[in-house]
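Shared between the two complexes below is chain A, which has chain B as its partner in the first and chain C in the second.
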Partner chain A sequence: MGRLKPLFEFWISLFVVGLCLGMFPSEADAATNGDVAVVVHPDVPADDLSLAEVRRLLLGDRQFWSYDLPVTLLIRAPIARERDVVLKIIYQMSEAQFRQYWIAKVFRAEVAVGPKIVYSNEMATGLVGSIPGSISFVDAAQVPNGLKVLKVDGHLPGEKEYPLR
Partner chain B sequence: MGTCRVKKSTRYDSEPMTIRRRLTFSFLAILVLFGLNLVIHFWSDQQRSATVETLRRAIARQILIASIKQDLHDLQRQVALLSQVPVEATSSGAGPDEITRFNNQLEPIRQQIEELRDLSDFEARNKVASLEKTYQELSASWRIFYENFGANQAKAVTELAMHAEPLSQRVVHELVPQLEEDEKRRVEVASGNFYGVASLTGRITLLIFIFSTLLAIAVAFLVSRHLTLGLGELKRGAALIGNGDLTHRIAIETRDELGDLGQAFNGMTDNLLSARTQLTQANQELERRHQEAEKQRQVSESLLLNILPVSIAKELQAKGTVEPKYFEDVTILFTDFVGFTSSTEKLAAEDLVRMLHDYFTAFDQIMARYGLEKLKTIGDSYMCVGGLPVRNPSHPVDAVMAAFEMVRTVNEPNRPGHLPHWPVRIGIHTGPVIAGVVGIQKFAFDIWGESVNYASRVELSGVPNQINLSWRTYSRVKDFFECEYRGKVLTKDKKEFNMYFAKGILQNLTDNSTQIPPLAFLHRYRVYFQHDPPAFPAFLLESPPTSSPLIGV
Partner chain C sequence: MKRCGKQVCVLLLILSLTICIQDIHSASAYIGDRTWPQVSEYPSLHIIGFGDFNYSDTDARGYKSGFKEGQFVLHFTSALSPKVNFYGEVSLTARADAGTAGKGLQTGESVPPAPGFNPEVERGFIRFDQSDYFKVSFGRFHTPINWWNTAFHHGLWLQTSIGRPEMVQFGGMFIPVHFVGGLVEGALPTHGLNVNYNVGVGNGRGSVVSRAGDAGDNNNDRAWLINLFTKPDHFFGLQVGGSLYRDRITLAPKEFDEWIAAGHIVWQKENPELIAEYANVNHHELGSSSSSNSPAYYIQAAYRLPWFEALWKPYYRFEYIRIPRTEVVFKGSDFDRTSSIVGLRYDITQFAAIKAEYRNQHRPDQPRVNGYSLQTSFTF
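Presenting the complex of A and B:
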């Protein structure tokens, strides 16, 4: 038990700091409120994508970042706001159309893999961080450090012209 | 000689190329061709079977690969779609049954890959092994995904994205297409091999057929040409030899049956030529001997005719014996030299024999002229007969004319002076006799009967240089000759018979003509006997018959 005491004190301190940070949002947090950030694995060889390029990625028309780095789409499960934004702005489809689109795409063998469902932003960011070439859409306020957030049409989340919100 | 020469076989000095050997070689060549055809057939069949098997295995692998690809695609789609399916937050993931079903979906692909590995050759097995290994990893990754799907979604997605999808991409888009491409190439190669082998075997079969045909034609031509030439030469030679040209030789120099036959023909021709030469020589010798034999036969026949009448001699020659014959009417003439016995004491034997020889030779000539048969001489006695063996009615007249000739011959004056003169006594009688040949050596034609004995007595009862006739002879000649009746004469056996001397031609038959015989005589002779007289004693016309003896003693 003597050895567990320093570890317990570390986690308590971390919890308190975190709680304080949540209770008092920063200016940046306020600026990115509602924006959906495009996060990718740090190895992805891209920093700025046009909305059309993002659309091609999400439609499965572009499946590789580079010749040996496939694109892995991570989409939030239904009901999530990020999913709605993506469907509305990028896919411009309803939920049913989205499902039909990918079923048809898979069965036409136009893609070998489809988007994968993630159930939380944490899960999305976690997977993006661990899966090379993965791309996901999460609340810009919940993007953890260490992930690459791509510019869309040259804008980052929080900026006025950022299209995904 | 033949102009077409069948060439000599020089290929094998010790083993000549006989017809049998030629036919055997031809048969063996045809057998070899048949065997070659058979080998080609089996080889091509094996090649076709091998290529068909290769093609079949390649197609089977293609089908397997297509099936694997399809199953992988299905699974991949299934997983891809499954990964998009949202699950309840409270879901605990797939149950054991679902996991088992999922695994059951994975198992057929593994079995197909194993089957593909078994069907693959060494070159393809490495790739199949790589596929198998990758699929094992893929299926394991898919299992992890499926087992965590809904329960540990992050792990499931991570596994799917990190392992399953790259692996499935590699399998579906790299390994399987490579295998597909390889198998497609193998199928093309196998198809090419199949058609290549079929084409090759077809060409080889056609070549063998053409070669077989050409060889068969060549063999048939050579053998038939050889046989035709040889048989033609044999036929021509046989025809020439058959036509007698024994100088022809069959010019077949081959060391085979035809050559042997030609040599046999030539040997036969040599033998025939030799035999013909010998036969010619033998014929010549036979001809010479025949001529000698003919001469000897003529000599012997002459001798035989000297001692036998012609008809009797021919009968004797033909039958070996002579049947005794009865002649009812013949004229027997006996002569005897008067004083011969006393002369034997005074004359030398040579002179005595020579005198007899001269007289008897003259008698023989007279017999020949008048158609009488000399029978024999007994000492100085000469016996002849007329009317046999060929019967004729004129024999008494002929015998009397001959007797006149004999008397004149004996009394001719041109004898050497120191030799004595023997008057001849002639007796003639006409009657029946039996004639025949007796003995087998020194045989003689003779006659027997009372007439013979009586003729002898008539002769004994005669007088020198007179022709003493019996009554029967007289009765037969009295119309031609002047005869003097002697009265009854006592014979040796103390019996008396009427006897006559023949004196000459009847006066009325001489008709004072110079024709010989006189026409009257000739006419009567023809009237009596239906033929001309064989001869005629012309000297009888010079002196008319008198009652005295014809010629003085």
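Presenting the complex of A and C:
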């Protein structure tokens, strides 16, 4: 038993170091692995939206949360996984179709500007926290405190039936 | 009844303006309280452009094949405040009579040579967005009684086919393509049906029937329109709608009442893409029992092939327009026809496409015409 003690200590030490370096997922990370959270500015008067309502927001068909609070759409730049999930599940469009959709939307004068592009989850959450009425889509494991995470079809990220993953 | 209609129109406009002014003030207060981060960016002008080049040939007698420069189109969007925006669309179209001098119609004096391109303000309007339910705009629009007319405007790159259906052809007269006046529009969720509406009052057709009354109406009867369409949540991509348009046309010394009823059903996804529109134009000559109905429709189907990086999109369109011999307003027009179009679109990049099209067309009392066209269209 005495000979096994150093080996035991080695594995314990390795586990502790691994935890410190983030090699092992936390419980929260594991629960939300791959889920894309819908984050909004805390002032947004909504807590739970259906997937169809989220789609109307992303399509630019709904442009106001309330009459004095316009929606500001923040979307990740191409290649980001969050953008892929949003295009596949919500827009149901390819990258080319997405670009053509917004060019046409502005050209038809249905909106004045298209979505604003953000280049990281940190940039997305930072802007959502500072722009009233803003909405974005970020990795659920990277949502900082202070932002509102919306339920989609009654489910939060990490729940089995959550649709955005 | 006529006076009552005018009063209702004027009241609607005054009401809209009043609500606009009230909300512009409240929007300003909102900006002040919340220090909206974009406030320093007003006015914020953005420009996008569209262009196209074409080659066409037919076996029609006397037709000269060759290349043709398409329209050079610029679209302007300028946010003037969080709730007030200006939209404009300007086109430059090559003129067949470029460089030739002519005689003034009235005076007979020589007039300067025609320029190479014809500039046109296709759209230009200011819109106040009170909410999703209520938006008011004033200016020159593409008349929202036809889906194609307001879906693609002058951006040929946006549409699958090379040209527009004949019933909404620019410079054509079947449907009034442009509308000068005021529009109220909005969208209501209504349990997932997403009902959208447009209600408008404007000048209607001018003395030249294909043109809107840009410099003023040529009579004291305003045109009005109602357009309703739904985009249901449960059928994402589907749009179904209908519209009604009423105008009085003055072609001195005669006057005509015009009623246009139109409907559309559109599946906007690309696998497949389906567009079908129908319109009936009724003209009734005042002081006469003479009345005529001119029906038109088209059906277009396309499918973006999943192979070869989804760059190829074959399409087919059938068009039908029938103008009765008793029709007076459209007299002399040449759009009475049936035609079939088969084409293929190839997207060179995400912002440019090449299209090839074969057309077979038949007009009453004339031989069938076959033609083909090539086009490259793009946005920039």
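Quick note on the criterion: the second predicted complex is superposed on the first by the 140 of 165 C-alpha atoms of A that agree within 3 Å, B and C clash if a C-alpha of one lies under 4 Å from a C-alpha of the other, contacts with A are read in each partner's own complex, and residues count from 1 in each chain.
The rule is short, and it goes like this: a contact is a pair of C-beta atoms (placed from the backbone, for glycine too) under 8 Å apart; a residue touches a chain by one contact, two chains touch by 3 or more.
Model, not experiment: these values are computed from the prediction.
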{"item": "Simultaneous placement of chain C and chain B on chain A, clash or fit", "value": "clash"}
{"item": "Partner chain(s) touched by A:115 [first = chain B, second = chain C, both, neither]", "value": "first"}
{"item": "Which of chain B and chain C A:106 touches, first, second, both or neither", "value": "both"}
{"item": "Which of chain B and chain C A:74 touches, first, second, both or neither", "value": "first"}
{"item": "First, second, both or neither for A:126, with chain B first and chain C second", "value": "first"}
{"item": "Which superposed partner A:61 touches (first chain B, second chain C, both, neither)", "value": "second"}
{"item": "Chain C collision site on chain B, chosen from 56-64, 110-118, 146-154 or 164-172, when both complexes are overlaid on chain A", "value": "164-172"}
{"item": "Set intersection of chain A contacts, chain C complex versus chain B complex", "value": "70, 99, 103, 106-107, 109, 112-113, 130-132"}
{"item": "Interfacial residue positions of chain C with respect to chain A in the complex", "value": "23, 26-27, 30, 34, 36-37, 44, 46, 48, 50, 75, 77, 79, 82-83, 85, 87, 123, 125, 127, 129-132, 150-153, 155, 158, 187, 189, 192, 194, 231, 233-234, 236-237, 269-270, 310, 347, 350-351, 379"}
{"item": "Touch list for chain B against partner chain A, complex", "value": "73, 76-77, 80-81, 83-87, 89, 153-154, 157-158, 160-162, 165-166, 168-169, 172-173"}
{"item": "In the complex with chain B, residue positions of chain A that touch it", "value": "70, 72, 74-75, 77-78, 99, 102-103, 106-107, 109, 111-119, 123, 126-127, 130-132, 134"}
{"item": "Chain A residues touching chain C - in the complex, by the definition given at the top", "value": "50, 52, 55-56, 61-64, 66-68, 70, 92, 94-97, 99-100, 103-104, 106-109, 112-113, 130-132"}
